[in-house]
Every structure is written in C-alpha cells, then in structure tokens.
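What follows are several structures.
In what comes next, chain A is part of two complexes: it sits with chain B in the first one and with chain C in the second one.
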Partner chain A sequence: MSKNYQRTGSVKLWPLIVKILIMSLFASGLGYMMYVAFLAGENLIGGVLAVILVAAFVVYSQKGLVPLKFLLPGIVLLAIFVVTPILYTVLMSGFVYKTGNEITRDQALTQIYETGYVPDENYTAFYMTLGRYEGEVSALLTEQMTMTAYLGTKGTATVLDAAEVQLDEYGTAVGLEGFEPISFEEAATLEAEIIDLRFDMGEGKFIRPESLDAASLMIQAFTLDPASGELYDSVNDITYVDNGEGNFVNKANPEEKLFPGWRAFSPLENYVGLVTDPVIRGPFINVFIWTFSFALITVVTMFAAGLALAIALDKKLRFKGFYKSVLILPYAIPSFMSILIWNGMFNRDFGAVNQLLGAPIDWYNDPTLAKLVILIVNLWLGFPYFYLISSGALQALPGELEEAAAIDGASPGQIMARIKLPLLLQILSPLLIASFAFNFNNFNIVYLLTNGGPINVLAGETAGATDILITYAYKTAFGSAEQNLGLASAISVIMFFIVGGLSLWSLRRSKVLESVM
Partner chain B sequence: MKFTSRGFKAAAAVVATASLLGAGLLPAQAAPKTITVWADETRGPQLKSLIDGNTTIAPGYVIKVKFFASLTALQSAWDKATAAGGPDVLTGPASFNAAAKSGKVLPLLYSKVAQSEIPAAAKQALSYKGRTYGVPLDVDTTAMYWNTAFGASAPATIDAMYEIYKTQKAAGKVTGGICAFDGTWGAHPVLTALGGGAYGFTSNNADANKVLINSAAFKANVKKYLVGSDGKSTGFLKWDGCADEYKAGKMLAANTGAWNLDGITAAGIKFTLGPVPGLTASTKGSQWVNYSGAWVTSYARTHGVELGAKKLVVDWMASAAGQLQMYAAGDRPPANKKAAAAVKNANTKAFATAAATGVPQFSAWLDDKTGGSNWYDTLGSTLTNMLVKGEPVDSTLDAAAAILKKNFANASK
Partner chain C sequence: MKRTNFRAAAWRHTYAWILILFSIFPIYVVIVSSFDPTGGLASSSLIPQRFSWVNYETLFNSPTIPFMTWIWNSSYLAALNAVLSIVVGAFSAFAFSRLRFKGRKAGLQTLLLIQVFPAFLALAAIYVMMERIYTIFPGIGLGSHGGLLLIYLGGSMGVNAWLLKGFIDSIPMELDEAAKIDGASPFQIFWQIFVPLSAPVLAVTALLSFIGTFNEFVLASLFLQDVNLRTVAVGLQSFVGAQFGANWGPFAAGSILASVPLVALFLFAQRYIVGGLVSGSVKG
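And then the complex of A and B:
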C-alpha cells in the first residue's frame, strides 16, 4: 500500500483526503452528540461516546491494528445495540419500577413536598410585584380580596401602611421607598431564587409565589425527620415510613401508600413476585406453558407440513416448478399483511372462514379456538420455510442408502421412517431449535391476530388465553395506564436465558462454534 | 503501538476539519428561558399558530410548541421523556393526569378567575388524591347521531327506539340499533339510559359506593333490550367494528364525538345530534364527558421555567380568551364556562347540550385495577360474556360490579 502511495501523487493524496473527510464527519457527528449528552447531564453516555471517539482515532490513525479497523464498527454497534440493552434490562429487573415508582427518591420527596403545599381555607391569593429591597429579592404583595399590601422580604411578610405604598390604577401595590421593581425578563432569569421565596405569615402559614406576578397563602403539611426518616403529615396527622420498596407508607396502615414513590433497588423482588405473588404467578405460569406449547406445536406442524410437501414434490411431476413457486408465496408476502388478512378471514360475522363453513363460529372469543387460529395462521406463514430446508436436505441425502434399503426389501414408508427421517433430523435439528427459539418470541402473530385475547377479566384473568411471554411482558410494561417496567424486565430476562440457552445448545449441536473458534 | 508522523498529521487534519464541521453543527446557545409545550398532531399545529414564539403570555419566557405525528407518538414520547428533552407543558387527554401518581406533573393552584370559570367536574377530572394537576382545555364528549332515514327526529324513549329497530330489522333494512363507534367507551350512554353505568354522580361528586353496573333496573333492561330469546345479543347495541355498518345506513344511530362529523357526513348519512334517549321522555343517557388538559411537568422545574409555565397554563390556557382562540383554531368545544357560552356553532352547541347530561370521566377511577382489571376491560368482558357468549346476565353483572367496587373504593381514597 505504501508503495502505491509513493508511486503517484493522485493515489497518495485522494484516499487521504477522503479518509480525513470521513473521519472528520464521524468525529464532528460524535462530538456533537457528546456535547448534547454532557449538556443534558448524561455523563455516562457522553463518556462512552468519548471512548468511541478516542478508540476510532487510535485505530484509524495508524498503520497497524488492521483487524480492529474492520472489527471496531461491529464491536461498537454490538456493544450499543445488543449488550447495553441486555445489561440495562437486567439492571431494570432489579428495581421496583412501575407507574408511581419512576423517579429517584430525592425527586419523589420534592414532589411529595410539592403536594404538601396546602392553600389556606380561604384560598387567599396575592398580586405580586417582584423587586429588590435592601439588596434581597423581595415582593410587594397585595391580598386580592382585602387589597391589603405587604412587603415580603428576608422570609417575612410585613403589612404596609397604605400611605407608604404606591398603587397602580387597580389598587395593587407596585412601589415602595427602597424597593426597586425588576422586570419580568429579569425575574425570569432569577426563577430559581424566586421559586424558593417564602414569606412567613405566622401560625405555620406563609406566602409562596405561584407565578411571576401571583402568590398564595399556604402551609406545608409534610415534615421529614432526618433522624428517623419518618415523614409527618400535619394536616391529616399521619406518620409515614419508608417501606424499603419505594414508597412512604402509613405507619399505622402499611397498605396505605404515599405517591409518588421512587425506583427502589430490590434485586429479587420482581423475580420473587413471579413465583410467590398469586396475582402474577397464576397468569405467568399459564402464559409460560402456552408459550412452550405454541412454539413446540408450531415447529412440529410446520416441519411436518414442509417435509410432506418436499417429499411430494421430490417426485417427477408436471408443473413442478409452478407448484414450487406457489408454495413459496406465503413466505414471500410480508407476514404482517398475511396476519391481518387472516384476522379478517376469521371474523365471526364477516369472515370468509365462517361463510365457507356456514356457521357463526366465534374464533376469537373462545380460548381454544383462538389458540387454534394462531397455530393455523402460523403454520401458513411458516411451512414454506420448512419446505425449502427439507427439500434441500432431502436432495443432500446420499441416494445409495435408499437404494440399499430398497434392495434389502424396505418399503418406502420404512425407508422414510427409519433412514431418511433420522438423517433429516440430524441435519435440520439446529434449524428446528432456532425456529423454536424464534416462535418462542413470535410477538407479531399473537399481537396482530388476537392481541393476546380472549381474556375474561370477570373470571379473574389478567393475561389473555393466547398471550405468550413476549406479549405478556409488553402488556405488563406498556399495555395500560398502570405500567410495570421492572416486572416486564424480569420476564424479559427469563426469556433471554431460555432463548439464549436454546440458541447456544443449537449452535453446539451444529458445531458452528467449533468450526470458527 | 507506533504512531507514524503521517498518522499524526492525518489525525490533526481530522481534528481541524471536525472542529470546522462541528462549529456548524453546534446550535447557537438556546434561549435560556424557553417553555416547551408538547401536543399531538391535531392540537399541535393550532397551538403553534397561536403561541409559538410568544413572549407576552409569560413575559420573560419564550414559548416553543413541539408536536408529534399522533397521540400515540406523543404518549410514547411522554412515557420515555427525561429531564434532558422532556416538555415543560404537556397537553393531551385527561388520562395524562395519571402522571401525577408518578410525580411527573406538578400540582397547580388555580387563580381566582380560573376557579370561577372552570367547571368543578373538569377540575375534579384533572385531580389526583385531592390535588389538581391540570387545567381543562376542551371537552371530549359524544352525542347520538340519529340517522334521519329512520325518522326526522330521534325517538323520545329508548323503548320507542327499540321498537323502530325491531321493525326495521324485520324488514331487512338494518343490522343493528345503536353503534358505539369508539368501543365500550361510546357505549356508556346506552348503559346509563338503561339504568347502568360506572359510578353514581350527584352534586358534582362521584360516588364510589354507588356502582351502577349491576343495578336491578339495569339487569332488567339488559334482559329486555339487549339480550334476545336465544340468550345472546339482540343486535340493538353494537360496540365493536360497527362504524362501517352505520355509515352504510344499516344502523339507526351511532354514539360518537365531533371527530367523526366529517366522516359520517362524507358517507352521506343525514343525522340529528342529541343525547341517547332514556327510559322515559324526560330522562337521557349519560355519555362520558372527558376533558383534554394541560399540565406543568416536573421537568419545568428542572429547566427553571416552572413559574413561567404555570402562568402560561393557568393564566392563558385555562382562560376564556385563550380557549376562544384555541376554539377558533380547532373547533374543539371549550371547557372554560365563559368561553363555552360565547360559542355560536350549532354542532358545537349540540355536543354541549348532550354533554350537559353526561358524567365526568375520572381517569383515576376508571384506570384503577385494584379489583383485577380496569373499567374498560371489565366492561369489555361483561358485554362479551353477556351478549356474545350468552352467559347469564345477573351473575355476569354482579361479577363486574365486584371488581369495580374495589377499583372505585381504592381510587376514591
């Protein structure tokens, strides 16, 4: 390469310019993302981007490290899009992370205090003019009902004598000797200071700004005792304690929670809940069984159908090419389109299936029929793939075996059952296992066809009859106004280990790892 | 590792070029006091035309409106929002009030003016555990679109409507009675017309102890009007996939909102708007009356614009003047009483009239799942079990009521 560079100027210069430009674009893009990340306080993301940027410079600015030049993009993308989500999901499964428990403890406490600001019984409100008094950010306050003027400064509100206050045409206090009003624009820049202003009015009441020109008389209901960690609600006379699971709860009645709660780290809580909480355990076990059954039945039926067609078309036939093309069609059409069409075909009132059968069968409201529909449609979508691989595998079987068996007097059925099928299973088992793993997570077919239903909530069901683990996890995480991301993550982790284990087993059976490692 | 001098030169060139490119990429320092408002694809453009770039509503702040391709996209973005890019003000359906439980929106204190102009029920619909978090922007409700091909005006009672349905069905002219376009949600006025519904609502207060779905009257009327002699649906009420039937002129009436006015008109259906008739001429079915709202998020505090955002929401969005401007831009019936009184459009007024008999839809109550499932899923299973599977009416309604009692009791604490 270096010889080429030295031979002509154009060969030497242009690749370098292109390389510099590509690297520059890359560096500027990444640099911009770093800037945004650090600006937003996402230091971890910013740090990772910085590491990637430095690694790219190290790898691409020198002659050596040739393998890394090719591997680096793949490694980076693998780390970002595969490893990070897995680690993040595992991490999230260790948190109580659901609707009502989404923010940090400090944020939750801030919010609890915010809900603890209770207006006085008369909803006393004030017009407010912000300014500086003796160098402090202060406020001229005019009570809206009585038009009494106050000076709020240094944490106290003092009634002003009408004679010493300048009023506007509405009678609102806008001026006082020594008081320098500030503009809204300046006040906006001081919001962090203004928002914390409190002007004591006695008896636990204080005036608090509601915007830049209005304030209200309030009390703060909550008091946190740092020593005991107890939170006291003076309005309702309730003491709350931290339950260790992300909420303050009524000390006298731990079932009564205070919201918002926070994301509490409780590594095994979601996993234990899957096993011990009857509300979660019941549907989880049913969904788990159906997921296994669905994946197994699907693979067996698809393989059987594909193999049968491959055997049938292995003979000499007229229009064989046409048949083969037709058989591939279900595989060629986007699956989501096929699923939606099948969805309509099984409609009770207007579906083609019921019209052909002449019976108003309610396919989607009966658990068994809904499962049957899913298996039928999935068979339709999947058999061409198994036809293709079975057909290829059949061609690969040595013809001598069949001939020898025939000479020994074996019938075609015996040849298939005792010679070809065992050999085919040996060849195709990794693909069958891979297909099992795929169908274990076949979200589309369930979501688009039955949406996991039917579900009879009146019978206490919380998961649909056709829900598989992936749809159940999705619904748990995002399916309703009440979301449980921690539990959904725990279910996802279990699925990950099942599918990962199957994939590893499959790869070992096919000896793929041995051949490359 | 051995760095060649050429490598260093190249690296230096990359840094130099990247710096130049980066300088172009980096934004000018953003205005420090920008209030970011999020909205969906329908409200967003309207708000953009009204307040984007405005610096007078909340002096000292500039308002920026960002809108999403759909309500689903807005919901999804809101679910994933962080302080880094989250909004300061969120607008959308009342269900967003659920964010109060997670501490993602701030409690609001209405101004005196807002207190007097905002309906109490609207304020309650946007409250959680006794604190108000949002201001209502407009009313989301339904009305009955009576197909005038079956009579110049809607029948005065549901019994008269049922008789028309039976006659027309026998003549092969209709396939159903009343279609709840928007699923079980739109079925509520039919349930209430028959003596059922979710919770009692009197004197501007929902009553958690009054679960209506298994009332004696409702049980009797379900058997009379909705369940046929075969133990399954008479077809008088449909709630799933019946919109096309109505638009084809095959149903007497539909219950849906103003958002379907154009589609129904385009289908060539001539209709009158009004409430679903009740058991007597003086009673009406009660549809859900929901409110779209605006909330100040907890991110507004992080961004240092909480006071400005509260001023925008309470002093403009909740005000009669603000809502009339929004109504002029988007035809949504205003929630502010003073603004609603100023609206002249006949259709809007018809919806307002229908809404007057409605029941406020309290998301916190209807989304609660303490009993095992929320109101919507419970009602879906109830109607399916009674009208599709043919299960006994009384025990089905009692089972539904048992779930709802637990939900409402918990939500009302």
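And then the complex of A and C:
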C-alpha cells in the first residue's frame, strides 16, 4: 500500500516541478516586459501584458477551468495578433491618417507654434551672457538700445536693478550675485538645452537665444482662442479654423492649409472620399472592377482546365502515373518563385516566351496583355489544385448513378454533362467560393508579376491597370509619394466585408455554421 | 478493338501533353538558365549553349547576396511557426472537440469567422501596431523575426485549430471515455491518446503551414528591411527586382536550390495533402 502510494507520488511530483518552473519562467519574463512597458509610459501595452499575466495565473494555478487551460494560449494569440489588428483597421479607417497628418493634434500645434515665432516689430535684440542661476541654465540679458539688464531664468525674464549687476566696460551685464557664468566650451555642449530657452516678458513677448551670446525679443504670431477654437495669425492677420479633417485652414480660403496637420477623427471621411472624390474614386472603381473580374475569370479558367484534366485522366490510361506526377509540379513549387520566374520569362527583349513566339511583344506595357499575363500565370499555378479536387470529387461520386444512366441509354457525354457535372459543381462549390475569396486577395501574383502595372504616373494615375484591391491598399498605405493609412484601412474594411460576406454565405450554404455543435 | 480504344483515348493524351508542356516550360527555362555561365537574362536561350556551375557558386560566395542566410531565415521561421501553431492549435482543437463548457458553440463560431479573414488584410494596422511595440521591445516589434513570427502564429492559429478539430472529431468518443474511466485527466487523454493518434495529421498540417509561411511575401516584405534578416521570398524579389536581367542566372540557381527540398516534401506527403484538400480547402 505504502509502496504504491509512493509510486503515484513520484509520478505526480515531476510534472508539478516542471510546471512550476515553466510558469515561473513565463511569469518573470512577462512581468519584466510589463515593467519595461510601464516604465516607457506605454500603459496600453503594459496593461495588456498585465491582463495576460493575471489570466494565466488564474487559469493555471488551480485545478478547475480545464477548457481554459487548453484554450488560453490560442485565445491570447488570436486576440492580440488577429482580432486587435482587425478592430484597429476599422478604427484607423475613421481617421484622416496620412502623410502630413500623422501626429496628434497637440504635437501638430507645437510644431505650428514653432513656425510662428517672429521678431517683435522693433527687432529688439539683447547681448547675452550664459550661466547658471540656482542650478538652472540662465542668461544675463542686456537690451542693446536702452542697456536695460534682465535676468532670464526658469522661463521668465525680470528687470535687474543697476546696483546689483556687474557691468563690463561697454555697460553690458556680465555678473550677478549667485550667477556663475558658463564658458563658451561648456555652452557648446549644452547647445540643445540653450536653443530651447525661452524667457517670458509678458504681453505674449519673450526672449529667445539666437546664438551663444545674443538673444532677441520674439512674439508668437499664433494665438489659439480656446472658446472658438480659432487660431489667429497676428503677423499676417489671418484667422485659421479647424476644418475637422486634421488641418487648420484659412477661414477665408479653406484650400489654404497650415502644416503639419494631425490625425483627425472623421469617421466617414475616407469612405466618402472613395465614392465622391474623383481623384480617389476613379482608380478605386477601376481597381474594384478588375479585382472582381480577375478573381472570377481566374477561378473559371483554372477550374475548367483542372476539371477537363480530371475527366481526361478519369479512365484507365497509359502513362497516367507519369502524367499525374508531372502535372502536380506547378502546385508543389513555392509559388512566389514560380511567379518571379514567369516574370522574367515574359520580359520583352530576352524572355523565353517571346523567344518561343519569335516576336518582341511588350507584355507589361499594355494593360490588356498585362492582364493576360496574370491570368496565364495564375492558370499555371492553380490548375493542378483544381485537377486534384475535381478528380477527388469525381471518384467520390457513386458508381450506381453512371450504371443507371447507362441502362437508360445515356451516352458517356450525356452522363458527364447532365449527371456528373451538376453533382460535381454542388460538391465543389464551397471550394470554388474559397478560391474566389483567395484570389480576390491574391497579393503575390499581382505584386510579384506586374507590380500592378502598367501605370501612367505622369498622367497622375495612382493605380495600375492590373492592381487589385489588396495591392492598391498596400500602395496607398506604404507608397513612396504619399502614405495614406486611413484610406488604406478603409479599403481593407471594404475587403473584409466582401471576403467575410462571401465566406459566411458559403458557410451558411454548406451548413457548417449550424452543424457546429 | 485496340485501335478504337487508342482513338478514344487520343484526346486524353493530347490534352494531358498540352498541359505537361505548359507545366514544365518554366521549369525547363529555369534549369537551363541556372547552368548558363553568362548569367544574364539577355544571354539565356531556349536551347542550352554552355554548361557551368558558376551561378551556383555566385550564390554561395557573393557577399551582397546572402542567399543561404535567406534560406535559413525562411526555413526556421516557417518551421517554428508550423510547430508552435500546431501545438497551440491542437490544444484549442482538443478543447473544442472533446470538452463541454459554456460558450463553446459561440467560441467555435467566432473561430470560424476569424479564420476566414486573411490576417494580412489588416496590414496597415499591423504595421502601426508593431511600430509601436518596436519602441519598447525591439525584439518582437517591426523589423524583427520575433514580431513576424507572432503575426504568423496568430494568423495560422485559427485555420490549424479548425482543421485539427475536424480530425479529432473523427476519433471515436469511446476511446477517451474508456481512458476517463481508468482515471486519466484531460491532459493525459490529450498527450497519450490524441497526440499519438493524430501524429500523421499533425505532421501534414504542420507541413502545409510550413509551405504557407515559406511562400508568404506581404508581411515579410513589410517587416524585414535588413538584408540579412530577409526571408528567401523577400530576398529573391529584392535582388531580381533591382536588376532582373543581370541577376537572372544566380536567381535561377537559387530558385532551384530553394524549391527542391519543398517539392520533395510535397511529393512525399502528396497522398495526405490531397486527402486534406478534398475534405476542406487548405491551399489555393
């Protein structure tokens, strides 16, 4: 009895030790990351890590919650790296978020103010002696016309009594009780700090260093009226208003924008732009139509070629084994490589295709030919898959059907067209829809083969003739000229709906959703 | 009798041969160019003229084309992703298939919905998110293999869990009921019954996941800017993209080297893969 007890005891002890070891390693790693995140002020990331840590602790430190023990890793991965990006895409699509509108409103205002510093109307200038006062980098300032001395420290400038200042032979203030001058050498090392010095003089005026020994009186041209939210430029006498799309614009001429702008929340802006703005709408509609026609044509051609092959090889045939193993090759080769190989083969001057045809055809510079290239290459890539699924489905059809039809006097052609094909279509329709959805987002074939071209950049085109929605969204988000993350996200959301809707429809048809018990 | 038989089969052979020629045309071209010492697209001709290994040597010795590094990057990323996503996916699949709990049906439907959305559709959001993570954890942020792997893991989790659930469903309930009566815990049932029984399926799912990751281009090209961190897909694209004509020979050699192991794996596992294809769409 006691022997038996010991055996079970030792069996259960080791897993426990391993479990505790793994858990403490995991917890300390995650805890450290959490600490780093909070230290860097990234409370969101820190918070997410904290939630994971707590959840893991709750789930794995007790006996119950068995399903969650199995599910938690998957849930965490899906939640952070799939669901969050999808939700974030939806959120981003509601923002004006592009080149020139990438920062927050506060950051944009800071930068606008930075451009708004101008000398006061008299161009008042100061001689400046840098030093430390009460530990802070400060300055003794002498106004060049009136020779009034000021102490600039901690953001403000105060007039100094002539009695308390030490003057040099020209009457410039160079010393003060408690003020320790800084040498030029040391000042040079403090440059970044010195550039940012501002000493307030009241009435919107302040003193700003111009070099290491001179400063001038500046005013801020912009004043923000907190009540109306209007930004007034006192130098040029222009009133700017927030246009609600991430920019301050001239009240009199809304086309005149102040830069930089900011990411502004404007939920429908990007979607409305896709429909109404001719610059965006034109290419979008073309891309949209081509995406649908490409996905449809490519699935139909691949399926037709694959099905015909399955029918051709359905009977006992010499060399059938050889045929099958060669014909599956295009499917087995990594697709990105075959696409790049085909890319070279369609080269106008030296490509193998033109050598075979004996004609210098410029495949990539003609919209129709470029589309043809994509369809041909995708046919090459995809027909083996459709052959495989078609022949699988053909073999799965009950043999009695064929016998019964033959007894009724149907020819083999009739049996194929009237009985087998309709059944086949029904069996394969979920796969056909899935393939449509896949090709709808087939980034690689377009990006690696034609890169969306031909495109007439000189005519201001932003989308090429063979761009599909996903490559168009990619270029919109990460293009070289302008990066419009907001618009790209809006396009992605539209694609989510199309692909998601299609898949849902297909699932509902095949009753998968209901059969989930 | 024989003659008519052959005539009836003639169209079958003709059609098969048309597709065979179509299929092997690029393969033939790439093999011929890989052995053409002049190396450029300009010199490659349909009929082999010269023979040399120089393109293969370039590939191994050129300091500007770290080809072997790219192959290694792709292989270990794809392998890690395959193994980890299968482990995590199998856990979830087991829970959904064998355990009964509140919210199971809703969870399954959510999983089904999530797995139909291609992860890379959210690429702008992924980019912004990983850029932010990079500022605190460079090792799992933008530009790192760690970050890319996490995105891959999230993306392949749903599909793998769904595929594996289908298989576990087909294992008879009596097996685990018997084990339960013998006092086995759910974890023991998982490790000692399901993992050994599903080993072939796990392997094929892992292989498909491996091939999928090896082929992935969008996220990798967005993530990996450093030449030495690139995957073979991004690397080959970048070096043919720059000077396609001039690099054609080494590129052809590189494609062959990178494809051969994958094609071999694929042909080896073909029977299982085809079975998986018909029961549910996996690739294509």
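The criterion applied here is as follows: the second predicted complex is superposed on the first by the 405 of 517 C-alpha atoms of A that agree within 3 Å, B and C clash if a C-alpha of one lies under 4 Å from a C-alpha of the other, contacts with A are read in each partner's own complex, and residues count from 1 in each chain.
Operating definition for what follows: a residue touches a chain if its C-beta (ideal position, glycine included) is under 8 Å from a C-beta of that chain, and two chains touch if they have at least 3 such contacts.
All values reported here derive from a predicted model rather than from experimental measurement.
Once the two complexes are laid over each other on the shared chain, residue contacts for A:A40 go to chain B and to chain C alike. When the two complexes are overlaid on their common chain A, residue A:T466 makes contact with neither chain B nor chain C. Within the superposed three-chain model, A:N270 lies out of touch with both chain B and chain C [touch as defined at top].
For chain A, the partner with contacts to more residues, out of chain B and chain C, is C. In the superposition on chain A, A:M92 contacts chain C only, with no contact to chain B. In the superposed model, A:F478 makes contact with both chain B and chain C. Contacts of A:T124 after superposition: neither chain B nor chain C is touched.
By the touch criterion defined above, A:Q62 lies against chain B but remains apart from chain C after alignment on the C-alpha atoms of chain A. Of the two partner chains placed around the shared chain by superposition, neither chain B nor chain C is touched by A:N442.
Residue overlap on chain A between its contacts with chain B in one complex and with chain C in the other: 40, 42, 478. Those residues of chain C lying in contact with chain A across their complex are 9, 11-13, 15-16, 19-20, 22-27, 29-30, 40-46, 88-89, 91-92, 94-95, 99, 101, 104-105, 107-109, 111-114, 116-129, 132-133, 135-137, 150-151, 153-155, 157-158, 161, 186-187, 190, 211, 214-215, 217-218, 222, 233, 236-237, 240, 244-245, 248, 251-252, 255, 258-259, 262-263, 266-267, 270, 274, 277-278, 281, 283-284.
Note for the complex: chain B touches chain A at residues 1-4, 7-8, 10-11, 13-15, 17-19, 21-22, 25-26, 32-33, 58-61, 79, 82-85, 95, 98, 100-104, 106-107, 109, 111-112, 115, 129, 131, 298, 301, 304-308, 310-311, 314-315, 363, 367, 369, 372-374, 377-378, 380-382, 384-385, 388-389, 396, 399-400, 403, 413.
The residues of chain A lying in touch with chain B in their complex are 16, 19-21, 23-25, 27-29, 31-32, 35, 40-42, 57-58, 61-65, 99-103, 107-108, 110-112, 114-115, 117, 119, 123, 125, 144, 183-189, 191-192, 194-195, 209-214, 216, 256, 259-260, 279, 362, 365, 454-460, 462, 478, 480-483. The part of chain A that touches chain C in the complex is made up of residues 33, 36-37, 40, 42, 45, 66-67, 69-71, 73-75, 77-78, 80-86, 88-89, 92, 305, 308-309, 312-313, 315, 317-319, 323, 325-338, 340-345, 347, 349-352, 355-356, 380, 382-386, 388-389, 392-393, 396, 430-431, 434-435, 437-438, 441, 443-444, 447-448, 470, 473-474, 477-478, 485, 488-489, 492, 495-496, 499-500, 503-504, 507, 512-513, 516-517.
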